[in-house]
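Here come two complexes built around chain A, the first alongside chain B, the second alongside chain C.
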Partner chain A sequence: MIARVRGLLKGFFKRIFKGRKKIKLGLYGPPNGGKTTLANKICNDWIGEEMGTVSSIAHETREVQVKEQIKIQSNGKELEFNLVDTPGIATKIDYEDFLKSGMKEKEAKERAKEATRGVIDSIKWLDDVDTVIIVLDSTHDPYSQVNITIIGNLEARDIPVLIVANKVDLKKSDIKRIKSAFPQYEVVGISAKYGKNIEEFYEKLFEVAN
Partner chain B sequence: MPHQCVKCGTLHENASDVLIKGCSNCKSRMFFFVKDSDLKKAEARAKALTCEEKEDMEKDVYEIMGINPKEDEPVVLDFESINIIEPGKYELDLVNLFQKDKPLIYKVDDGKYMIDLEETFNKMTPAKKKIDGRKNRLLKKKAITKEKNKKEKEPSRQKESKDLD
Partner chain C sequence: MLTFEFIQHKEIKSMNTEKLIERIMTSVKENKIVLLECKLEPDERMKLIKRAIELVDNDFTGIELLVLNEDRERTISKILKTHIRNAMFLPERKKGMTIIGPSKIIKGMEHDFGKVHIHTKPQTKLE
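Let's turn to the complex of A and B:
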């Protein structure tokens, strides 16, 4: 009798916790796509604080940042996750690109070194994330080596993916181009900076993460 | 006093030594004299340019040269994952970096490579651990079933011996 009651209780708690599983949500993509801007938007919306600094100069995020226990709600459902903001993945890192923004040579070279280390860390973290949001700048050509390599690897690892076409507030933005480049994935167009279409983003996130 | 080499265009701010020995870059001894005021004006003009203006100028130069800068040209390296062209300039072979069974190798110069052993072992160990774990679990299972079978057989043997008695 006691064993039966114990079994029933075990099943009950199992069902509760299965419904509220905690996941690690990774933000991936090329530099300056708006990963940290989106991370800040999510954090501001649900826990009222920022995650990291943003800049117009590429490779501002050079270390993996983690914000724990973020609970979001949409249509009566709840999703709890740890948010992992990663440094931008690039094939070429050149300090001279930073010099154009007025940075001094020594500082620019250090930034390039840290950014290279950041790429390696981002890739390492892929082993620990359960769902990935790929943040792309919708004004740029999506057919790049970086995008194709990231998405191909996520597919091989069987990790659920949501593609965010960011910066839809800009004139050059082209979501259709991203949709046609990656037709097998959900693509949601947003402006992380201005919060445009963010509700649809949360809805899609529930669909992909659950 | 600033002078510019006629042959290669190198600007020598303090040219007193260069005028005697020749240009430090091409050894030419023909120089233009550049007025200090003109040099300051040129420097100020260069500093006043915005990033966009500088990028536009760069694009114009590429067009004049007939070269396509091809920023998004794929990077495919030999067996190294990261090529350090010079301090602050890196090329990353992402296909290589994403693969768990590939070691992390930096190319420092032609014929000079560095292998990050710690990182390489870390990359490769988890998969091995998993396989070892699975092996151990299978061995444990086998051992448990063997013991069970033994225990099951033992009472029946005892029964058989009793019956015989």
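Let's turn to the complex of A and C:
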């Protein structure tokens, strides 16, 4: 409880001194929203290298990954941050789901174990980030308890949030639904995979982080 | 058989978050669906998710949860009030309902127009 108040005060002071030091920018969201695809896009655009591997199988990212000293520029402004790519947060992990993806039982159980550790690490890292990009798959229902819980936590600690409605290249994509679910936040629709609308994403990131 | 366990507000109000989470998880691990007579705050929900994931093994796959009476109008003064109260006293248990169940049994939950729909997995036998 004391930690919670400390977190709130930390967020308050961070906002006072914002822009004066390097920020930790966290990528959060449920599994398979495209966090690592976006991390790779950002890293490729600004430092010319990838951050991690991507896959259609959930929980591909099972460890928190940090890429330091990324500088981005937009409209003559510069923003420097450490990018924190986190495993997707979920309320359940069933090794049998990995079996359906064609894995052998031993491999599926090991992956499930690693995925649980990843979720726990993601939750722990929530206390350490200064600004968060929530990456949601815009073809999915945004009213999930995981999304509401992550955003509610960040809101309670006054941490700036930008919501990315990813996968706008897909037919079922519905940005309006995400906007109406979280009307208090900036929502930008992008395709991290194809780089669609990425300029608007960087502009919004400057607005939220500065 | 599907078992629901109702945990009343009078039992919950004297519990801190950690005790409440252990109370919930004990029942959920016994394959019960818990009907909690209060609304869990986002930080309590995150702790509940973390605890549930810590307990995942080959038999227990995690939880499904649904919070009714979600308060979307959170002002800074409301947030500060809640945090100060939670830091100094026991967490304020707000009116509402939280449903938590094992994901091995529950596929998903939704609510609309005063109804709650709990979708169970096909292999779940309802006696």
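Just so we're on the same page, the second predicted complex is superposed on the first by the 190 of 210 C-alpha atoms of A that agree within 3 Å, B and C clash if a C-alpha of one lies under 4 Å from a C-alpha of the other, contacts with A are read in each partner's own complex, and residues count from 1 in each chain.
As a working rule, a contact is a pair of C-beta atoms (placed from the backbone, for glycine too) under 8 Å apart; a residue touches a chain by one contact, two chains touch by 3 or more.
Since this is a predicted model, take the numbers as computed values, not measurements.
With chain A as the common reference, the superposed partners chain B and chain C clash.
Of the two partner chains placed around the shared chain by superposition, neither chain B nor chain C is touched by A:Asp128. Judged by the touch definition given at the top, the superposed model places A:Asp158 against chain C, while chain B stays out of reach.
In the superposed model, A:Glu207 makes contact with neither chain B nor chain C.
Of the two partner chains placed by superposition, chain B and chain C are both touched by A:Thr149.
Of the two partner chains, chain B and chain C are each touched by A:Thr116. In the superposition on chain A, A:Lys100 makes contact with chain B only, not with chain C. Only one of the stretches 76-84, 112-120 or 130-138 belonging to chain B has C-alpha atoms clashing with chain C in the superposition, and it is 76-84. Touched by chain B in one complex and by chain C in the other are residues 89-95, 109, 112, 116, 119-120, 123, 126, 145-146, 149-150, 153 of chain A. Every residue of chain B that touches chain A in the complex is listed here, in rising order: 51, 54-55, 71-72, 74-75, 82, 87-95, 97-98, 104, 119, 126. Chain contact summary for the complex, chain C toward chain A: residues 17, 41-43, 45-46, 49-50, 52-54, 56, 58, 61-67, 70, 74, 76, 79-80, 82-84, 86-88, 91, 103-104.
Within the complex formed with chain C, the residues of chain A that make contact are 1-2, 4-5, 8, 89-95, 109, 112, 116, 119-120, 123, 126, 145-146, 148-153, 155-156, 158.
Contacts from chain A toward chain B in the complex involve residues 89-96, 100-102, 105, 108-109, 112-113, 116, 119-120, 123, 126-127, 141, 144-146, 149-150, 153.
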